[in-house]
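The data blocks that follow each hold one structure.
In what follows, subunit A forms one complex with subunit B and a second complex with subunit C.
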Partner chain A sequence: MTAPDRELQPLAPQPLAPPEPGARGRAGRPFEPIPTYAGTPPFPRAARAALADTRLRANLQRATATIRAKRARAVAERDDWEALRLAGAAIKNEVLHDLPALLVQLERAVTDAGGTVHWARDAAEANAIVTRIVREHGATEVVKVKSMATEEIELNEALAEAGIAAWETDLAELIVQLGHDLPSHILVPAIHRNRAEIREIFRREMALAGRPAPDDLSDEPRELAEAARLHLREKFLRARVAVSGANFAIAETGTIAVVESEGNGRMCLTLPEVLITVMGIEKLLPRWQDLEVFLQLLPRSATAERMNPYTSMWTGVTPGDGPQAFHLVLLDNGRSDVLSDPVGRQALRCIRCSACLNVCPVYERVGGRAYGSVYPGPIGAILTPQLRGIVRHPVDAQTASLPYASSLCGACFEVCPVRIDIPGVLVHLRAQVVRQHPMGPHVPEPDELVLGVASWVMERPRRLSIAERAAGLAGRVVARRGGRIGALRGPWPVSAWFGERDLPAPARESFRAWWRRVGRGGAGSTPSGQERSRQGRAPEDAP
Partner chain B sequence: MRVALFVACYNDLLYPQVGRAVVRLLRRLGQPVEFPPGQTCCGQMHFNTGYREACVPLVQGFVRVFAGYDAVVTPSSSCASMVRHYHATVAREAADAGTDPSLPARVAEVAPRVYELSEFLVDVLGVTDVGARFPHTVAFHPTCHSRRLLGVGDRPERLLAAVDGLTLVDMPHAETCCGFGGTFAVKNADTSVAMGLDKVADVLASGAEVLTASDTSCLMHIGGLLSRRGAPVRVMHMAEILAGPEDGG
Partner chain C sequence: MNGPVSRHPGDARAEILERLRAALADRPPVPDVPRAYRRAPEHGVDVVALFASQVADYRATVHRTDPGGVARVISDVLEARGARRVVVPAGMPDAWLRDARVERLTDDPPLASATLDGADAVVTGCALAIAETGTIVLDGGPGQGRRALSLVPDVHLCVVEAGRIVGTVPEAIAALRPVRPLTWISGPSATSDIELNRVEGVHGPRTLHVVIVEETPGA
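Our next item is the complex of A and B:
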């Protein structure tokens, strides 16, 4: 069934706050302070703020609806899609199973090909390694290929502290960086911005960061892209060090692969003298041939393309061609903890395609930043708490709210190219939250009280029957008319439900009471006249 | 064939007419049905909120009450999916903790025999035309748990399409979640309501007089929003349409 697009609000361009004088960084250094996710409130509160932003919702709804429809078409072209998903999941499971041996194999292959491998336990170690390498090469700026791993460790911030400017070169990341903003989508980090906003950002900020945008810049995508091209070209030609992430690393050959759509990544990967790649340890694939599966799964899931526009692969260093020094930083940063949880570890199969974000009805309405992490949407809700150590110790309230940021509708699982059972992991993590948070004597949370009472009642049918009679009486007292309870004030969860929703009054007679009275004896089975006339149509062979 | 009805706790209390409809429908189709009075709740709300230990007695109760029946039919696809997918998880944890070592085996006996109503009608009884008449325009909401977790496919639509006089209309974004999500509806009330209001707009756009589904829980949420806004759309469980009106009502 095809559905017409929801009606969209017209997007009135709204003036952005003018730059504060003196707030910009000095030349060669981008922007300070760089915004971070620290201080994001727990999900329900962050979501409420995001929901109130009607323009954000309109931008998101339009963007996700478009990507969703395109992905569905691209996937429907393949009649072996399910087999590809199974293969993808199986290969990644093999990686997780053999991770230590495969990492050592990768290290050997990269080293043999002239690269240098570094091991980083956490963000601080990884940042220190990258900073040291940049300094050793006497550079004060780096160009960056879009990378989730470097955002996870807040590398740009660490480099800025060391006086090194990090220039994002992915178009959307550039918009986010120039807008002093935070990304809100894995693949389309500026999904919350529309064209008019982007023009404003370019006109105001490009001059402060390098080549200015033309004065007569319009919001035509072609003109915006051209302004970005010219601005970035200057940086590509000047930079001596590049920093990238990795989509895949082949243990067998030591090859690193980066897939992207714009070609800006390709410029970073080939022009500078030094290339530093930061990758999570789960990005491995055992064999070269495994790319066959993933280079089919990823583009169709991510951008709805049959084939990825720019796939860059390199193995160590090639004399006279491309960067002459290559450093690979292998990042753990909580991944070993994730691996230790038999249910939660499937989150490490993720290839960051963002298909789960685009189909998520919660993400579509609240956007990425409400998740308070570089990993938003359904994958963020299961990955962030695990990376922050929920398996081992209690976590802060914001982190603990993430596994609840889902209606468990299952749309994410349906599209995930590596078949991560996101709803299954969500309820698993909810159990971790409940288990870990009652530490010592504590004041019970309201939901704990409500569910505690409910389970006490439900354990005995007799208690349920009494509760039903009590509810029936109480319900009829508060029901106004038409047997419905309207706006009711009270503590959570009463307030939360009745803010916008009515509820039918509990029935005068519960089902159980009806059955006891007449149901058992067959009342209700006496066919009415109309039913009698049609009864003959019930099949004779009904068992 | 001995068939038991698992009515689901919230139907028992808030929507007893749904349980009565299932009884009426099955009896009309010549299928006797029993209501074992020991039943309470499948534990879904507790499980989905993370209160796993609280589920153990509920799962133990469920297998005790429904052991020995050839089939258990329920008008809640969401409870059916809890039983078929997650009772085994609860049982495994209870066994691992040493609380109840034989619970997994008992669950394996009972859980596969639990059917959502449309599955029971189509797969077990082999009926798609139940001989009902309902001369109204109807939109069908394929709930997430029925479609994605349970995999009922188009069984409900086939049953509805065979109802005399019923016009099934297309609803935009039918497969999108309505935002109920159990305790999500109150833990993340703002997001839940935002999702629900988009669903309400789709229901109204469909022009249907009646919205139906195989889960009263989603209908409670969508219906609560419709009612608060005074929208002229009735919500009815599919069983009520298939069973036809009650005697004297």
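Our next item is the complex of A and C:
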């Protein structure tokens, strides 16, 4: 978000809830409780709100069914798919098991090719590095390529606080940004929006951010894409600094690869004078040759194509071609914690294809935002708790509920291009949650939850406006069911936040029990979660 | 204007590397990578025909001609698109544009981005092409130019000599070296972000013509 929310008065940042007394990290580092994404309640409650949104469910079901079928066809074309998966998993294990040496090798190769490498322990440090570079070049705006890493560290918000506008240029990210919204899917972040909603967002918001949408804009996808092309082109042509993520970084050569469809990535990677790439430290590949595996696995798993329209690869700086300054920011932000768990570390093999989201019966019904993380779906359910440090210390109630956001049907493992055993890691994390919260992990103390979430939500206007809508939605659900527990009392800002709102009663049963009951009780003929999930497998996974 | 401030002083690089070494205290083995996947095209495949069909499948327009016919095809395509101002990268064979009656924009001195934005089309060669995926790869070599040239104009016409077509992605990776920036192009710019409906053409060239040149052109 690049402009402060016009309807809300700025609020003073509130401190985070204090850590449990005496709690220390595994390596002796004190931990800070990490609040949840946009104040999302624990999964069962967030899921209930999402399930009540029939338009969201309809959009999601159509979208995931379409892409499941397409992916199955794209994968069936390759008789060596399993060999590619085995190679992909082995290469990524090699990366993880040899990570320190490979990172040093990458750093040297990038530096030798004229780039500058920065290391960031956490989100704040990464944001500070990017902000400093943008300022050093005297820029007040950046164009951005879609990037999960920069979503994770909330770079746009940090830049906005420093007076720097960050323009998202991926069409779906543009829809999300102009709609003052949160992404709901790794690959198709606006999957929860239909064409009529997108038309309204463009007509209302484009003029406020730059070139307005045409007056006679219809809801035809082609016209909507044309409006985005015109709106963004002026930004591409004038931007001096671009920010991207990385799909792959080759330790051997220092080459970075970005995979995309629209050409917004090529624009950002080519036209500006300065390029800043933020990548998680696990995005490495050891050798140039390894791309031959991942450029076959990723497009078919992600957009169900033999090859995505555009892939850009660059090595440092090339005189006379593209940005003449290149900065690579290597981001830890919890990844070293994930690596420390011999069972859970395989989550770092993830290449962000989102195939596991599209086959997941739980995701299909509740959507991405119920997971309360930039990483939704099955991979988010194992990655988010680990990134938030579950291996080192107890996590908040919302995070602790994520390993339960699954029916353990196994479809996610079967489509994973790097063979992450997501069900196995879910069970492993559940055991961890139970050890840490013997009194019931996913039933938070309401006051504890409210304090932590509310203070975090108040920090930034975008979180607040989104959380307000989420709370309103939840409130309606509760009112309909008569399960309200009324307004909560508490010190400001809790009173300001919840004074006029209903809070749904915390779940009293496990997610799986809830799912079975709701599934059977629905239309009478709806199969249970576990039965449905078996029917819902992608065709190539059928026995 | 308060920027974000890191909470930790000290050397981030050393600390991250130390954290990672500690995290790997169980010393997990570095595995050998099994590479049992296919490296060559399936036996008996005509890679030129396969490339043509895969490129067409991703809604690029394919033309097949012999060396003597290239100039005519390029001229016809540019005329059909109404292209008058055409970007021509350095090192392109003169013969390719022999028949085209267009204003040629050369990149020496470098064209401003606004000038590129005002061009109607760009004609390039390529480093190689991949049959199985219908991909063309540009590496900035002769007849290709810097990356912006083949990006900003709305029509891209790419000449692919048959000898540059390899069968598979592994063959392409083996033939390429990433010393210069590489751009892999598989069909025109596209998005599926609106209800997963594929729309050709967002920011890159919305129209891609691929001219395959071979001694004996196939159908």
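Following the convention adopted for this analysis, the second predicted complex is superposed on the first by the 400 of 543 C-alpha atoms of A that agree within 3 Å, B and C clash if a C-alpha of one lies under 4 Å from a C-alpha of the other, contacts with A are read in each partner's own complex, and residues count from 1 in each chain.
FYI, a contact is a pair of C-beta atoms (placed from the backbone, for glycine too) under 8 Å apart; a residue touches a chain by one contact, two chains touch by 3 or more.
Everything quoted here is computed from the prediction, not taken from an experiment.
Of the two partner chains, subunit C is the only one touched by A:Ile67; subunit B is not. Contacts of A:Ala405 after superposition: subunit B is touched, whereas subunit C is not reached. No residue of subunit A is contacted both by subunit B in one complex and by subunit C in the other. Those residues of subunit C whose C-beta lies close enough to touch subunit A in the complex are 1-8, 12-13, 15-17, 19-26, 28-38, 54, 58, 110, 113-114, 117, 130, 132-135, 140, 146-148, 151-152, 169-170, 172-174, 177-197, 199, 201-205. Considering their complex, residues 1, 7, 9, 11-20, 23-24, 27-31, 35, 37-41, 43, 45-52, 54, 57-58, 61, 86, 124-127, 129-133, 144-145, 148-149, 164, 170-174, 176-177, 179-198, 201-202, 220-221, 223-225, 227-228, 244-247 of subunit B touch subunit A.
On the side of subunit A, the complex with subunit B involves touching residues 1, 3-4, 6, 43-44, 47-48, 51, 361-362, 365-366, 403-411, 413-414, 423, 427, 430-435, 447-448, 451-452, 454-455, 457-461, 464, 468, 471-472, 482, 484, 486-487, 492-493, 496-497, 499-504, 506-507, 509-512, 514-516, 519-520, 522, 524-528, 530-531, 534-539, 541-543. Across the complex, subunit C is touched by residues 27, 59, 62-63, 66-67, 79-80, 83-84, 86-87, 90-91, 93-94, 96-100, 103-104, 118-122, 124-125, 127-128, 131-132, 135, 158, 161-163, 169-172, 175, 188-191, 194-195, 198, 221-222, 224-226, 228-229, 232-233, 236-237, 250, 253, 255, 261-264, 266-267, 269-271, 281, 288-293, 295-296, 303, 305-315, 318, 320-322, 330, 332, 336-337, 339-340, 342, 345 of subunit A.
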